[in-house]
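One chain, chain A, appears in both complexes that follow, with chain B as partner in the first and chain C in the second.
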Partner chain A sequence: MTEQLGKRILRKEDPALLSGRGRYADDLPVAVGTLHAHVVRSPHAHAEILGINTAKALAHDGVWTVITGQDVRKLSDPFLTAIKTPVQQWALAVERVRYVGEPVALIVAESRYLAEDAAELIEIEYEPLEAVLDPIAACQKSAPLLHPQAETNQVSVRDFSYGDPDAAFARADRRIAMTVPFHRLSFTPIECYVVVAHYNPAKGSYDVLANFQGPFSIHPVMARALRVPGSKLRLRIPPDSGGSFGIKLSVFPYVVLMALAAKITGRPVKWVEDRIEHLVAASSGPNRVTEIEAAVDKDGRVLGLKLDQLEDYGAFLRAPMPGPLYRMHGAVTGAYDIAHVAVTNRVVLTNKMPASLIRGFGGPQLYLALERLMHRIAVELKLDPLEVIKRNLIGAPKFPYRAAAGALYDSGDYLGAVTETTGGGRLDELKRRRAAARKDGRLYGIGFAAVVEPAMSNMGYLSTLLTAQARDKAGPKNGAVSMATVNVDPLGAISVTADVTVQGQSAETVLAQIVAGELGLEPGDVTVVLEMDTAKDQWSIAAGTYSSRFASGTAVAAHMAAVQMRDKLKAIGAKQLNVLPDDVELAGGKIRSRTNPDNALPFGRVAGTSHWSPVMLPQDMAPALSETGVWSPPELEPPAHDDRINTSLTYGFIFDMCGVEIDPVSYAVRVDRYVTMHDAGRLMNPMVAEGQIRGAFAQGVAAALYEEFIYNEEGAFLTGTFADYLVPTVAEIPEVEILHMESPSPFTPLGAKGLAEGNCMSTPACIANAIADALSVRDVILPATPRRIHALLRPPQAEKAGKP
Partner chain B sequence: MKPRPFDYVQPETAEEAVALLADYGDEARILAGGQSLVPMLNLRLIEPAVLIDISRLAAFGAIHDHGDYIEIGAAVTQNTLLAWRELKLKLPLLAAALPFVGHFQTRNKGTVCGSIAHADPSAELPLALAVLGGAVVLRSKRGERVVAAEAFQQDMLTTAREPDELVAAVRFPAIEGKGVAFNEVARRHGDFAMVAVAAIADRRGAVMLGVGGMAGRPMVRAVDGDAAGAVREWAEELEGYEDLHASAALRRDLLCNLAPRVIEEAKQCAA
Partner chain C sequence: MRRVNKNEKTRVTLNLNGRKLAAEAEPRTLLSDFLRHHLGATGTHVGCEHGVCGACTVLIDGVATRSCLTLAVQAHGRELRTVEGLAAPDGTLNPLQAAFRNNHALQCGFCTPGILMSFTDYLARNPHPTTDEIRDVLTGHLCRCTGYAGIVKAVEEVASSSAPAKAGAGG
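Showing the complex of A and B:
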């Protein structure tokens, strides 16, 4: 074989994307007669729907139908959810609206313009109800109920205990506690949602194009809502994507809605979400309030940890929520060797848009609390924050390491990574800059964050939210299947399909590297086709692009398929070369004898044999050159009886260090220096890895300093445009120094781990710690906007009375 | 985000444009660069019966140097002005302010007069026009009138323009032998400023200070002597206002932090 992994190979995706030849969902042609839909949305945060009069809208030019919640209730079932509660959600609001922007009606017309004109004619009578926005207030008995039949807004509470946390707290020298909120935000893809739905009445089946990203565990949710078997919901995913970051999962209620519209009208129906709709109602990360407390000895060693995590999922709990609360569960102790842990997980519903998948998925919320606490321990014990981190890190000899809550950390050298990052004069330079700034009276701080980055989720982790008895009753859930197929055509051309959706992670490039390497070819010889069709492609409930599963999952399956194909070609070649299979190698586009390289056949010639002359194949060999690799690692066990759960397959490590200065004119936080060290096991393509790290870093900075969904107390949404919801541009993102270590994972044949979410988890915590250091404050609320920094530095009571 | 139906007219002469305006009045909107107008159309915040597109009218496409002032036609884009070779010499304040206006891409379409006509309280070009003491040329079928900047912009998005008038040109006084400086604080590059400050200083140290983002329109005042004290006093008078990104108190402090630096820079530039 020719080694292709580890090379900085240029992205195969780029020539098309950079020359305007991407094929995005909205670019694909639609059938003649396709209708266009417009969603009418709630202006209220909480209200009863007293009546909807659609007559005038229906009478408008070009309008085919107006669909309301009553129609949806008749024609479909509520979406399946992870928690059994009386909370029901359909594709349109039924009887009540629970957040501003909630879909209330769908107008289907001959053009989007006509549909929007008709929307102004629809008459909806609301009876406003009191709204509750704050997650803590929503837990109080007096709070208005979003779903009265559930009798509470706090729809799930689970207590977990690992080791003996009470004893650890009893013997500790100090207990140090903090309350750490994490805000609501989204990572806004350039491309919004697109759905084109067809209904075939002859077959009773739906055919839907949507820029859905997975996980495909949601396909059954959609099929069930539409009351069809999965085979009658053909879902096609376009070949290119304008970004997702987790957000494109939440297109699924609209897939169902447009499918129903196609059924009702008898015509294909297309809907393209616009930016206003996207910001107000597409998806959001959940906001969380964490009460975190450490039992520590006088040297800053953490003996025990307690977390009470209250997570706010907005108005509904959509599958697969409350994922962010449980995805990190096994790794709740982060990078630290802490044996005794108590965790309370609480899920609350409020009058905000439903929260769902977002890059980082539970990591940012956990690590902001954990890393702020580690920093606080140092401050309270008058120790060096870096020293406190080092004293608590899991030692290198302990790997594979079973964390208290069940995660099986595969490999790493955390202390080595920290030492390398702070070495080379980097930390000294930061300290020099801080000392110089402070001497001038400027506000400058240094922050650190140590983070374990999980990749490839155990499909069973969400069942941790059930009790052990309930799990036993429901049957085991665990594992994660990955699939990829390698085909060789009669002339020796290679094509690859796989169970990932395209959303910018360079899967096309890396899959070509993997397969070409095993077959002795160049990546340019391999065609990768990743548009997906659930009727014809291989997929499992774990399919899709999420939870950084590519490196630890699909890449392995592709490697397995390539090895199977390689061995098959070796056997075929051996017969033709008249040597033993063990003497055959694939290299430089040839299949040849290892000991006598002149005894060689072109790759295509051997491949052709299988197609043109199957009788010439070795005995017992199946013809056809199509090999599928299926990968399901044994480490992903179901939750144990004591609630320990190995939530992911691989666990990378990140250590971040930064210096920030508060701008004396603008009160903006300026990131002066930022260093991020990654150990993601073996790097398959360092250039792609760097791209992923830079992207996650930008979004980490966005979460720390810019992006926030803001509602007022009545539930009005205040960040409905890009003038209010501030996505930083390249001009706002500071430079970052990227370092790597490689501790290959022993649990995957390639040794590679996911790395695309890490800085979404580490960067907000690192910047927050630096701000706390700069301002000598205990509480840092993110995003740390000039408005918030100004309020800290010049508190309002210092103002002249009577000012606005 | 689709507009209501409207008609679109592309007049061939300036006379035809003002004749259309006379016919339609309030029902018409002038389309030049469309950088504010088109989003407002798509959000259905405005509902014009007709758009009169003047972007290709040669009569509005010129930059005229009249010696003591520079007249910029209604169809001149922000990037065209930024690329004008005399800009640094004749209009150094605009050379300093224009890079803060939106982004390169929006400046390719956005016009100088469009920004003045739109009258956002924290926009850079109205501030530059105000501090320079420029004027706006309004044309209608009834004729032409020239309105001083301070009388033109009255409040947030409100101007002295009558419904049958179009902003045909703006006049920026050329200044020689004076120092200028411009700076602003915005959340992101290209955003509307939270607070923007422009200063013109003469060689004796007399300063004309303009500030955007503190009131419904740009405010201008002469500042002598103790700049920091004068700015603090003015900030308290202006009070500022609150929006999502800044409290009034933050706005006042931003002005107090920023203005003395801009004044100093203008003075050094003059010296």
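Showing the complex of A and C:
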């Protein structure tokens, strides 16, 4: 084999994307006669729908139909959810709207322009209801109920205890507590949702193109809603997608809606979401309020931890929610060696758009609370924050390490990573800058964050929210399957398919590296085809691109498929070269004897044997040159009876350190220096790795300082354009120094771990700690906008208590 | 000045990447929609339709313009250049495109065509900009994948090359 992994190989994706030859969902041709849909949305945060008069809209030129919640209720079933509650959700609002932007009607017309014209003619009568936006208020008995049949807005509460947290708190020198909110935001892919749906009445089947991203556990949800078996919902994912960051999972209700529209009209129906719709209603990360408390000894060692996590999912709990509350569950103690933990997880519904997947997926919320607490412990005990972190880190000899709540951390040297990051004069430089700034009376602070980054989720983690008895009854859920296939054609050309959706993560390039390396070829010799078709491609519920599953999942499956193909070709080649299979190697486009390299055949010649002369194959060998690697790691066990759960397969480590300065006039936070250390095991392509880290870092900065979905008290949405919702431009993204260590994972043959979500988790916490240090305040609310900083610097008298 | 009737389709003729093309458009048809859905030039992307993200940027008579804020009829008789017109006919990337690839200046690639067109215009007027000037132009675009660092490096690479940046082949 020729090693291709670890090289900085330029992307195979780029020439097409740089030339306008990408094939994104809206670029693909549609059938003649395709109709275009426009969604009519609720202007109210909470209201009864008294009536919808569609007559005038229907009479408008070019309008084929107007679909309302009543039609949807007749033709489809409510979406399956992860928590069984009396809450029902369809693709359009039925009887009641529960957030601004909720789809209420669908107008289908001969063009999008005509559909939008007709939208002005639709008459919807609403009876407004009191809305509840605040998650804590929504839990109160007096709160208006979003779903009266559920009799509460708090639809799930679970208590967990690991070790003996009460004893740990009883023997502690100090108890240190904080309340840490995390806000709502999205990473707004520049391409919005696209759906093109067909219905074939002869077969009763749907064929839908959508820029869906997975997980494919949602395919059964869509099929069930449409009342068809999964085989009659053919879902196709286009070869290119304009970003996702978790957001494009939530195209799924629109897949169902457009499929119904195609059935009703008898024509293909296309819908392209616009930006206004995307901001108001596509998806959001859930906001969370965490009450976190540590039991500490006088040296700052954390003996026990308690967390009460109240997560706000908006108006509906869509599958696979409440994922963010449980994705980190096994790793709730982060990078720290804490044996005793109590966790209360609470799920609440409010009058906001439904929350769902977003890059970081539960990590940003957890780590903001945990890392702010570690900083606070140092302040309260008058210790160095870095020292408190170091004293609590899991020691290198303890790996593989079983965390209190069940995560099995595969490998790492956390202290080594911290030492390397703070070394090289980096921390000294930060301290010098802080001292100089403070001497001049400027506001400057230093922050740290230590974060464990999980990758490749255990599909069983969500069942932790059920009691052990309920899990027993429902049957165990666990594991995560990845699949990839390597094909060799009659002339030796290689093609690869895999169970990922393309969103810019460079899977095409890295898969080509993996397969080419095993087959003794160059990445340019391997064609990777990643558009997906659920009717023809191999997939399971874990398929898709999310939870950093590529490096620890699909990449491994591709490696397995390539090794299987390599071994098959070696056996075929051995017969033709008249040597033993062990003496055969694949290198430089040849299949040859290792001991006598002159005894060689071109790769294509040997590969062609299976196609052209299958009778010549070694005995008992199946002729087809198509090998599928199926990867199902045994470490992903179901939740144990005591609720311990290994939530992910691999766990990388990140240590961040930054210095920020606060402008005394504008109150803007400027990140002066930022260093991020990543240990993601073996790096497969350093250029791609750096790109992923820089992208996550930019989003981490955005979450810390700029981006927030804002609702007013009545539930009106105030951030509905890119002029109100502040996506950082190049001017807002600071320089970042990226460092790497490599502690290969012992649980995957490639040793690689995920790394693309880490800075979404670490950067908000690191910047918040630096702000707390700069201003000597206890509470820092993100995003730390000038308005919020101003409030911290000029607190009203009553709030002065916030200062230590 | 050409007059168009609000309720009538009108024939819009323009030169796109060196080729004369024509199609019917309503007076309200956006140039971005016209390029993508009437002329089949889907390389230009639509990201916000309110002029903030910059993904839809094209050149009209050499000047970078938001095609989502331009009506198709306004492009009548004009020279348009889009991302499809940057590479050589055989697909060879021009120096700006190649620099984007070399510096990993794109991931999903959706915002990239607009950024390439803005810098095609800008580098033609200012072939050797400073890093601050590059960053200033780039603030007109949103990219959610890259964190922008690779884009700045890519343009710096073109700007610092000894040969003045070429406007590229094809146009």
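By definition in this document, the second predicted complex is superposed on the first by the 794 of 804 C-alpha atoms of A that agree within 3 Å, B and C clash if a C-alpha of one lies under 4 Å from a C-alpha of the other, contacts with A are read in each partner's own complex, and residues count from 1 in each chain.
Note that in this section contacts are C-beta pairs under 8 Å (C-beta built on N, C-alpha and C of every residue); 3 or more make two chains touch, one makes a residue touch a chain.
Keep in mind that this is a model prediction, so the values were computed, not measured.
Q: For A:L18, decide between first (touching chain B), second (touching chain C), both and neither.
A: Second partner only.
Q: Pick one for A:A791: touches chain B only (first), chain C only (second), both, or neither.
A: first
Q: Is A:Y706 touching anything from chain B or chain C once the two structures are fitted on A? First, second, both or neither.
A: first
Q: Based on the superposed arrangement, let me know which partner A:L718 touches: chain B (first), chain C (second), both, or neither?
A: Once the two structures are laid over each other on A, A:L718 reaches chain B alone.
Q: Please indicate which partner A:D274 is in contact with in the superposed arrangement: first for chain B, second for chain C, both, or neither.
A: Both partners.
Q: Kindly classify A:I733 by the partners it touches after superposition: chain B alone (first), chain C alone (second), both, or neither?
A: In the superposition, A:I733 touches chain C alone.
Q: Applying the touch criterion given at the start, work out whether A:Q505 contacts chain B, chain C, both or neither, answering first, second, both or neither.
A: A:Q505 sits against chain C, while chain B stays out of touch.
Q: For A:P664, select first, second, both or neither according to whether it touches chain B, chain C, the two together, or no partner.
A: first
Q: Could you figure out whether chain B or chain C reaches more residues of chain A?
A: Partner with more touched residues of chain A: C.
Q: Is A:P189 touching anything from chain B or chain C once the two structures are fitted on A? First, second, both or neither.
A: The second partner, chain C, only.
Q: Is there a shared patch on chain A that both chain B and chain C touch, and which residues make it up?
A: Dual-contact residues (chain A): 113, 274-276, 723, 729, 731.
Q: Residues of chain C touching chain A in their complex?
A: 26, 28-29, 36, 41-50, 52-53, 55, 82-84, 86-87, 91, 93, 97, 100-102, 104, 106-113, 116, 135-136, 138-152
Q: Quick one: which bits of chain A touch chain B in the complex? Just the residue numbers, please.
A: Residue list for chain A touching chain B: 112-113, 116-117, 120, 274-276, 664-668, 706, 710, 718-719, 723-724, 726, 728-729, 731-732, 785-787, 790-791, 794, 796, 799-800, 803-804.
Q: Which residues of chain B touch chain A in the complex?
A: 1-5, 43-44, 185, 187-192, 194, 236, 239, 241-242, 244-250, 253-254, 257-258, 261
Q: Spell out the part of chain A that touches chain C in their complex, as residue ranges.
A: 10-11, 13-15, 17-22, 24, 26-27, 113, 187-192, 240-245, 274-276, 503-506, 687-688, 690-691, 694-695, 697-699, 721-723, 727, 729-731, 733, 736
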